[in-house]
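I have a structure I would like to understand better, so I am pasting it below and will then ask my questions one at a time.
Letters A, B and C mark the chains as written, and numbering starts fresh at 1 in each.
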Amino acid sequence: MTWRRALLIIALLTPGLGVILVMIGSVFYVAVMQSFGYYNLVGEDTFSLEHWQKVLESKQFSRALRYSAYIAVVAAIGSVILAYPIAIWLRRPFRGSLVISALLKAPLFVPGLVASFLFLNVIAFHGIVNQFLMWTGLTDAPIRLQNDRGAWGVVFLQLWKNMPFALLLLTGAVQSISDEVLDAARDLGAGSFDRFRKVIAPLTVQAMQAALIIIFIGAAGDFAFQVTAGPTNVQSMAQYMVFLKDSFGRWNQAAVVGVSLMVLALFGSLILAILARFILKSGNKW
Amino acid sequence: MVSLADTPPVAKTPKRKVGTLNRALMVLLLTVVAIWLFVPFTMAVLWSLVDPETGWNYPDILPPSLTVLRWVEVWTTTALPQAIANSYMLAPTVAVVTLLLASPTAYCFARYDFPGKGLAQVATLLPLVVPGFVLAIFFSSLIFSLGIYSRFLSILMAHCVLFLPYAIRIMTVSFGQVRQDLIDAARDLGASPFAVFRAAYMPALLPGILASLIIVFIQSIEEFAIAFIVGAPNFTTIPSILYSYLGYNFIRPNAAVVSLILVVPNVLLMLGLERLLRSANPAQMGGKG
Amino acid sequence: MTALRSIDVSKVFEDGFTALADINLSIDHGEFVTLLGPSGCGKTTLLKIFAGFYAPTTGRIEQNGADVTSAPPEKRDTAMCFQSYALFPHLTVAENVEFGPKQNKVPKAERITRVDDLLRQVDLGKNRDKLPNKLSGGQQQRVALARALAMRPSVVLFDEPLSNLDAKLREQVRREIRGLQQQFGFTAIYVTHDQSEALAMSDRVVVMSGGKIEQIGAPEEVYQRPETAFVADFIGSANLLPFQRVDDYTVETALGRFTVADPPDSDARFLCWRPEAAEYGASEGDNVVASEISERAYQGSYTDLHISLPGAPDQRLHWPGGASSVGDHVTFRLPPDRIRFVRGELG
């Protein structure tokens, strides 16, 4: 590796990778520094652990942390569990399979806010769901479905948005398994479930992990779904962070929440991915 | 040899059963899709057409009267035209700048090997790993402390970084498809560097360039977190306007109009892209494939 | 009791294509039967019907006397060796071989013994912990074989297992397969388009064309006493001539008048003789032909000579010598017992 070549490579990487590293690095740096009392927008810069202390002790924070972690896990695992059987069903083309595949992936084109709006419409007082419930006689007055306490609205929206993404990743992986390998498994006595456990799952682990990680990170940092359709008695981490930022003088605390959210996103997703790999890959050791 | 007389009746093939199972699943799925795609969208369209005079209240299943007056009203009385102008000025700029920034790196990934290459490729995915609102908030802190006041420029920078991973990945695949033997043939025939570029590189790159531009464009139009946090309050984009109609100020018909304005052009663009790509190159590009 | 039987089996696919018709086949325990024919003749379809991957449109399949027509592959006592080997890419050689017994709940100790024995027999003991992508084609084929045999199936099905190997390797693996079959004594159904493989390995050959069975018989029988034009032409080379009956033991052809040992049947269409049947030395007598060489191709142990005939395809004969030129005269004799008659059309 000559010096000239090394310089050339670095020069080529700078506008792309370089920009990414600088920007993301700076943002991360600012967040961490602000959480420790520096980079204050008003007032002095002093190193202090009090912001961390205050936030970690606050009940709101621990509720937000648990809530966001819960939503993230449910969204990731739920999307993958829904997408796997569909990906396997669509593995070999049959009449209409392309249409189904396109329709199922349609939510990928719908931005989160629009999804929230569509959802709110459907569950409104005079929306279709209430109309249907009354028509069947299950209820005799419209019920308030919005902002439900159990966060079912948010979970539904997360699944609606993320299942197509998981389907996208898993379809590619599942289709790359050759027919003959699956035929061989059948021939050796493996039924449908065993074929999934011992052949399909181990061979598609990487795609599944990518899906879990990306969905987890996205759901952990959700703001839009939570604010429009989520329960009002608890906040998501992102929502809490914005709330702190908007309250005068609490930028530093917002920074603490921000750093925590990054930690949750990164480590939570990695732990989930490792656990899933462990469960799936050892399928044929049982 | 067995005589025909003692053979039992023809065996029914299990294949027929699989056929009906498939069909049942398809019907089930189509109903579910109808419920979770068509119904919400139809309702959105209907809401956007509700007559401001009569409104649409329970217990009517359908709005009593439809008119495009709502669209006119939203257009003339709200900040929507400005938001649309902003979004559609921002997005193409982001698309082009991102493509320019991504290409050298993509070229490097596609044609060179070096120690740490794998790590570098993973590192380009960093923007996807940071939660959107964290990026938005601390980016705005950073901008403020650096003294940059132009909202447009700030959002432009943030969007470029956010979407670089897509552009890099798409262009890396494209550069990887440039055939060395075509380059050699062109040089061998005495072509100038520009001519070599046109003959050997462009055919493989064109689909990638198109895909990158369109996908980054769409992502920029739809992006909410940064536009909301960094753009507030002067620079509105279509998503941030939509958010304002979903908050305390829930004006359903306005939200419906803005939703359609947000989604329909993007869907058309994606379909157009798919059509273009299929004719140019059947390989699947990254992103919303 | 026969090991495997197909009774009046036919197969029509969803798009209307008829892959098989009137398949009646009876295979005995321990037999090595080859399904031989060109691509598209239905041999692989029939194999998959025996395995359970396809269900026949009409007819049934019996294994050891029981009707297994509607049994899926995982429930049949058959094991298949695939053309592409189909090894599980994420499992080592040993784990691949262990897959079947593990699936069928064979106790661990017994499993380990079986795997070890089989790997030793296919000479892959040293590679037991390698992944398939680290093995050569021939080695992968042996793993596929060991994996199938680990099931101790009564029937092993082979789907053109040698077609992806190069010529030298093909011969070696061919001998190994036949050797293992004779040692273990399982029934083998082997699909191939390579007639030399079929002749070398089989107890019986089933020649197929266009979804139908042309002829079933031992290799010698199928080669020396073909019944149809297709079989005569597909296995080895054959010269086929239209003919006219003169009397029971005499026929007239474009090549001349011949005395024959067996009279032609009423549905016989062609007179058939093999190039190596030509005898040299006699210049007079019955069945002697004098002609001129129109083409020649030296083949090492013989020279391939062509004689052109007006209104009939070129006749080919094998001349054991080397020196010959186009235009030379050649005289040969066809012994009456080497002349056969076949029915049916060509190709």
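Methods note: a contact is a pair of C-beta atoms (placed from the backbone, for glycine too) under 8 Å apart; a residue touches a chain by one contact, two chains touch by 3 or more.
The model shown is predicted, which means the values in this text are computed figures rather than measured ones.
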Chain centres computed over CA atoms; the one at greatest distance from chain A is chain C
Most contacts overall join chains A-B
Per the C-alpha centroid definition, the whole-Å distance linking chain A and chain B comes out as 17
Averaging C-alpha coordinates per chain, one finds the centres of chain A and chain C separated by a number of Å equal to 57
For chain C, residue numbers touching 2 or more other chains are 72
Chain C contacts chain A in the complex at 51, 53, 72-75, 78-80, 82-84, 86-91, 95, 99-100, 102-104, 147, 151
Chain A residues touching chain C in their complex are 178, 180-181, 183-191, 194, 198-199, 202-203, 284
The residues of chain B that touch chain A in their complex are 22, 25-26, 29-30, 33, 36-37, 39-41, 43-44, 47, 56-61, 100-108, 112, 114-115, 120, 123-124, 126-135, 137-139, 141-142, 144-145, 157-158, 160-161, 164-165, 168, 222, 224-225, 229, 239, 242-243, 246-247, 250, 252, 255-256, 259, 262-263, 266-267, 270, 288-289
Listed in rising order, the residues of chain A that touch chain B in the complex are 1, 6, 9, 11-17, 19-21, 23-24, 26-28, 30-31, 34, 39, 41, 89, 94, 96, 100, 103-104, 106-114, 116-122, 124-128, 131, 142, 160, 168, 214, 217-218, 220-221, 223-224, 227-228, 238, 241-242, 245, 251, 254-255, 258, 261-262, 265-266
